[in-house]
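When the chains are written out, they are named A, B, C and D in that same order, and each has its own residue count from 1.
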């Protein structure tokens, strides 16, 4: 996790019964579903997503996924998901997330997912310029960071 | 559910933590995943399944799914899944299931799923003869039932 | 399914990637999660739900679950979930659902779940009056039906 | 991931249809369910697990979860899950995993989960000696590492 990242986008989910487990809290693996919702909502807001696939103009695979868990989430909790793009490299790009309990503002988890742009045979391709530019503008990166 | 159906095939699953919910028992919708496991194992045993799709020679969609729940299942329970084919009609066919707790023999649930054979555009097709014959032989149907 | 049921409540969900499967459509078992969302939103609207459990004043178990599938749902589809209570008996009660694609209005599935009010040892209890009256008023049942 | 870790335990799972997604591969978040299966089977083999909860003698929460994905897994693939305990600290302990396609031996993913021993109020407690000793003996740690 970056130190004190600034998030310009957030969305939210409410915890559903099948996402909890017999320990009474959300099963840790299900938070990656919440990250998926956050990422798709973030990309939809930039018109980079479409119905057919999570990123409109190219396929991607997740190459790394990480979460640090700070406090449990429970049935019916509203979770605010902060989403940002941390960096875009030649073929890969990383989204960063922070999840908070909406009513207490307590941090539930933070972490990231790193993706690789791929062709139909799952070989890496370079990240298309339009994707890079749209996100760079939204995140207010100066040119050095893009 | 048929009255006193005879099952010639069974398989088993062990309840995983994310399949339970905050009520401390398996979420009812997750039993349809266990039926999927039972159906695929049943078809694999008849060499009617393959890696690419649940039924080797044609696509299918589920058109009805039903379960009656008799007793709860909990974390780490071993569940025995009895599977049979109840009938094969022109385009549709129905599998019947009974789930028992393996160590107590108590019935957890029983029910069925009805499937329709479809082409690539999701239009009904007639059930291929090989599928009909292989299952009829295994289930020991006489010709009137096939 | 009742013939031409009238629904006074609806809510919606958007299909998430992990709810789809390799057939390219929502896995049929995951629709029971959508029914759960519909049922909880329906009960919350009547102030019969709370954070701790799906029904505020008593525990319940699902005793039957049924869906008929009419057309597939795909990634990112918005699904409108119509919810009603069909009947409340001594210990059991049945919710009825219809799921439609929000942008095409095509029916995706309809069905029901039947629940039993239980005590802490999973023994049936009679459905509390407040639950019965609140729902009867919302559904505009006359006294004969309650 | 440690460099060239040696695994003394493995178990396996077969990919189920609802674990795949519309991209045709296993949804990345579902691999954390496979890690759960691996961890519970590892602990059961050491008689440290029981039916009531994943670790018999104390509760735990996951404080970090990480996976690096190397190649996709598909419907019906058999996945071999290698499991080891990497370290046990005062209150926390880390399991390490490697997932391989059983028929090709290709690595699918590797990663770890870190857990914290907690009391009923989710406060950290020290890891019980029996857990520490049983695992240290199985992993053939010398005393310096325990």
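The rule we apply is simple: a contact is a pair of C-beta atoms (placed from the backbone, for glycine too) under 8 Å apart; a residue touches a chain by one contact, two chains touch by 3 or more.
In this text, all values refer to a predicted model and were calculated from it rather than measured experimentally.
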item: Higher-contact pair (C-beta pairs counted), A-B versus A-C; value: A-C
item: Centroid comparison with subunit C (C-alpha atoms), farthest chain; value: D
item: Mean-CA-position distance for subunit B and subunit A (Å); value: 36
item: Chain centre separation in whole Å, for subunit C relative to subunit B (CA means); value: 24
item: Chain centre separation (subunit A, subunit C; CA means) in Å; value: 30
item: Of all residues in subunit A, the ones touching two or more other chains; value: 17-18, 22-23, 25, 27, 29-30, 33, 36, 53, 74-75
item: Residue ranges of subunit D touching subunit A (in the complex, touch as defined); value: 22-23, 25, 27-33, 35-36, 53, 59, 61-69, 72, 113, 122
item: Residue ranges of subunit C touching subunit A (in the complex, touch as defined); value: 16-18, 33, 36-37, 40, 49-54, 74-77
item: Contact footprint of subunit A on subunit B as seen in their complex; value: 17-18, 20-25, 27, 29-30, 74-75
